[in-house]
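Here come two complexes built around chain A, the first alongside chain B, the second alongside chain C.
Coming up: the complex of A and B.
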C-alpha cells in the first residue's frame, strides 16, 4: 500500500482518529505494514517476544486453550497487554482470513504512545470499555 | 485534620498511578484533589450512577461489588471509579467502605485533563487497567 493510501486507511481507524495528517504520516512511518494468510498464528499463548498490532483489514480469532473467545476486526488492536505487563500473551491470535496489520515492536510502544497522547487516550478508552465488559460478564 | 497541598503531593508521589510525574505537576494535581471521608458501610460509588470522578484510597479498605457479587478489594494507594469517567457509562459496580475510608477525590474533568497533560499518568492508568483485565481473565480460568 502506498504511504498515502496507508495514511487514508489509518485516518479511518478509531485509534488514530484524533491525529492530523502529519502525525498520521509519522505514525505510518513508525509502524510496519504486514500481511498474514488465513490460519496464521500471530500471537502465541504463553510465548514471549511479541509486538503491538492494529488490524487494517481482515479478522482474527482470540483463542484461549484452543477455544475461541472473541473476534477482532478492522481498527481493533492486540498485543498491548503483554507489552504493557511484560508477560507472555494469555491467548492465541489467529488470522481467520487474509489479514493486513500495522505492527510495532514491543519496546517502541510506550514511546509511541507518549509521543501521541491522543492515541494513548483512545487506547485507554478502549481498554476501560473492555474492563467494564469483563466486569459485567463476571457477575 | 485536612491534608495540606504539599502533604497531598507527598502522598501522591508514593502512589503507582503517579509514578514518573514531576513534582510541580504533582502539586497541581494535589490542588485539585479533595479529601473525602466515608464511614464504614457507606458507598464510595454506587452502581448505576453517572461517574463524577476518581477516588484514591489514602486509608482504609473498600470492596467492589456488582449486584451481590464481590469483584475486588482495594486498599491504600489503589484507586476506584475511573471506568465510568473514561467510558462515560453509568457505574458498573458499587464500591463500599469496609472500614472508615479516607479518599482523595479527583473530578472527572480534572482526571481527563490530567490524562491529556501527563502521559506518565495515562501510561500508568493504562497499565493498571490492563492488569485488572488480565487478573479477571485468570479468575475466570481457575
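Coming up: the complex of A and C.
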C-alpha cells in the first residue's frame, strides 16, 4: 500500500477520524505497516516492551491464559493499556487469519498522542467504553 | 542466397555458464549477499540448486551503493576475538559467514585500514572474493522474467530459458527505486540518479525524505550545496536515541547539527503536495505537519530519497501477498511466503519478518550482519523440511547446559547482531535429553507449541539497557520471560549470572 493509499485508509478509521490530511500523512510516516500470518502472536501475555497496533485488515483473538475473551477487527487497536501502564500485556493477541496492522513502538506512543490530542481523545473514548462494558458484565 | 559465395557467420560459442535452464530442486535468484549466503548454505547441506542472477558479477546493491561509496556497517580489524572464529563475526558486520577458515572473515583482509567502515568497492570485492574462495558457481546475465506453477512445483521463465524446481529462494533486494505519485515528482530524480557531488556546487537543494538515504545525500553534498532543505511529514529520529539502527546513523548527523545551529541546513516536518518547474529551478509546495499551513520553497535541485520496493514481478499474481510501501512479502518466521509455500526469501527482503520488535526496536535484517544469519537459518529449514536433510542437534550434557548458555549470551554473534530476533534454543527430546536446537527465530520459539525447552537472546529496552533474557517453554507454551541483569562489560559468565541461568533451566532438568 502506497503512502497515499495508506493515508486514505487511515482517514476511514475511527481512531484517526479527526486528523486532517497533513496530520494523517505524518501519522502514516510514523507508524510502520506490518503483516502477520495466521496463528502468530502479536502481543504476548507477560512479555515486556510491546507496541501499539491498529488493525488495517484481518481479525485477532484476545486470549488470557489461552482462553479466548474477545475478537478485534479492522479499525480496532490494541497494546495501549500495556504501554500506558508500563506493564507487560495481560493477554495474548493472536492473528486469526492473515493480518495487516499499523505498528508504533511503545516508547513512541506518548509523543505521538501529545502531537495528536484528538487521537488521544478517541482512544480515551474507546477505553472508557471498554471499561463500561466490563463493569456491566461484572454487575 | 548469393550464388557462388558462402556467407560465414561466427559459430555460436557454447554457453559455458553454469546452471543451464532445466530441472533443479531449488533455484536461488540474486547474487547479492542474501542470495550468496543462501546458496552457500544449501550447497554445504547437499541440496541441489541453480543460482541465477541478472547482474554480470556478484555484489548485488553494493555494485552501486551507497552513493557516497562508504558503508554504514563496520568491520573491526582488531577485535577481542580472533578473525575466523565464530565469535569474531560479532565485530565483522560485512563478511558472509562460512564454514571453513578460508571462507570466514574475508572483509578485514581487503580493507585498506583507513576506516572500520569499508568502502563500497571493498565490499563489492569482499563478496566476489567469498564467491571465488568457496568455488560457488552463479549463472550471471540470466534475468528472471516470470513465474508460474506446475502442480506443487514452480517454473521460472528467464532470459535464458525455463527453470523448474520444488522451491525458490528470491534474494532480489528491496532495490526498485520508488517515488510517490505526488504531482511533479516525475520531474525530479530519485536518490539512485543523484549526480556527482561537484555538479551540485552552489545549488539550493531540496531532499525529499529524512531517512538515512536523505541524510547520506545531505552529508555528502554539504561541501557543495549552498543550502539544503530536508523534508518529510514525520520528525526524524537518531539511532543513538532509539538504541537501534532504526534511526539516522551517527555517520550522517552533521546536517542535523548544522540545522540546529542555523548553518544552512533546514529540516522540515511537512508533507510534499506538489513540485513545479519555475524559471530558476523548482518550487516545492509543502504543508507543515504541525500547523497544516502551506509553505513553499524555491530551489535549484530536488532529489527524492523516498525509498525502494521489492521487485517481485508477478509473484503477487501467483499468490504471494505483500504489504507496505516497500511491497515486502508477508512471510513466516522462517522467511517462507505466508501465502505461497515453497517460495522463500533472503537478503534485505527479510525485513518483512518483524519479529518481537520489543520496545519498538526493529531487527537488523536489512543489513548484512542480520540478513546473513536469516539466510543461513532459512536454508537449513528449507533443506530439512523439504528435502529431508538431517540437521545435527547434538545432546548437551546436563552439567554443561549453564556453561553453554552463558557462553552463548556472552559471545554468540547471531544473538548480538540480531537482538530479540534470533535465539539459541535447547529443547528436551523424548528421552529427556537436552538437545541444541540451534539458532532459531525467537518469534517461532515463543509462539509455536514445540517441545519443552529454553531460548536465550539479547535484548535492549527503551532506556538503552542491554541484557540477556531467557524464554522457557513448558507444555507447549512460553508464558513469560526471564531477564538476567545487565553486566557493565556484557560478560555473563560470572557466578551471579550462572546461578540465575541455573535457576531458569532447573525446571527443564527436573530440578524445579
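Operating definition for what follows: the second predicted complex is superposed on the first by the 139 of 139 C-alpha atoms of A that agree within 3 Å, B and C clash if a C-alpha of one lies under 4 Å from a C-alpha of the other, contacts with A are read in each partner's own complex, and residues count from 1 in each chain.
Convention: a contact is a pair of C-beta atoms (placed from the backbone, for glycine too) under 8 Å apart; a residue touches a chain by one contact, two chains touch by 3 or more.
Since the model is a prediction, treat every value here as computed from it, not as a measurement.
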Residue contacts on chain A - larger count, chain B or chain C: C
Contacts of A:120 with chain B and chain C, given as first, second, both or neither: first
A:130 touches, of chain B and chain C: first, second, both or neither? first
Touching partner for A:85 - first (chain B), second (chain C), both, neither: first
Intersection of the chain A residues that touch chain B with those that touch chain C: none
Touching residues (chain side chain B, partner chain A) in the complex: 66-67, 69, 71, 82-83, 86-87, 89, 92-93, 115-116, 119-120, 122-123, 125-127, 129-134, 136-141
Chain A - residues contacting chain C, complex: 1-4, 6, 20-23, 25-26, 28-30, 32-41, 44-51, 66, 98, 100, 103-108, 115
For the chain C and chain A complex, residues of the former touching the latter: 180-182, 232-234, 269-271, 287-290, 292, 321, 323-325, 328, 330-333, 338-339, 352, 354, 356-362, 443, 446-447, 459, 461-462, 477-481
Residue ranges of chain A touching chain B (in the complex, touch as defined): 64, 80-81, 84-85, 87, 90, 110, 113-114, 117-118, 120-121, 123-125, 127-132, 134-136, 138-139
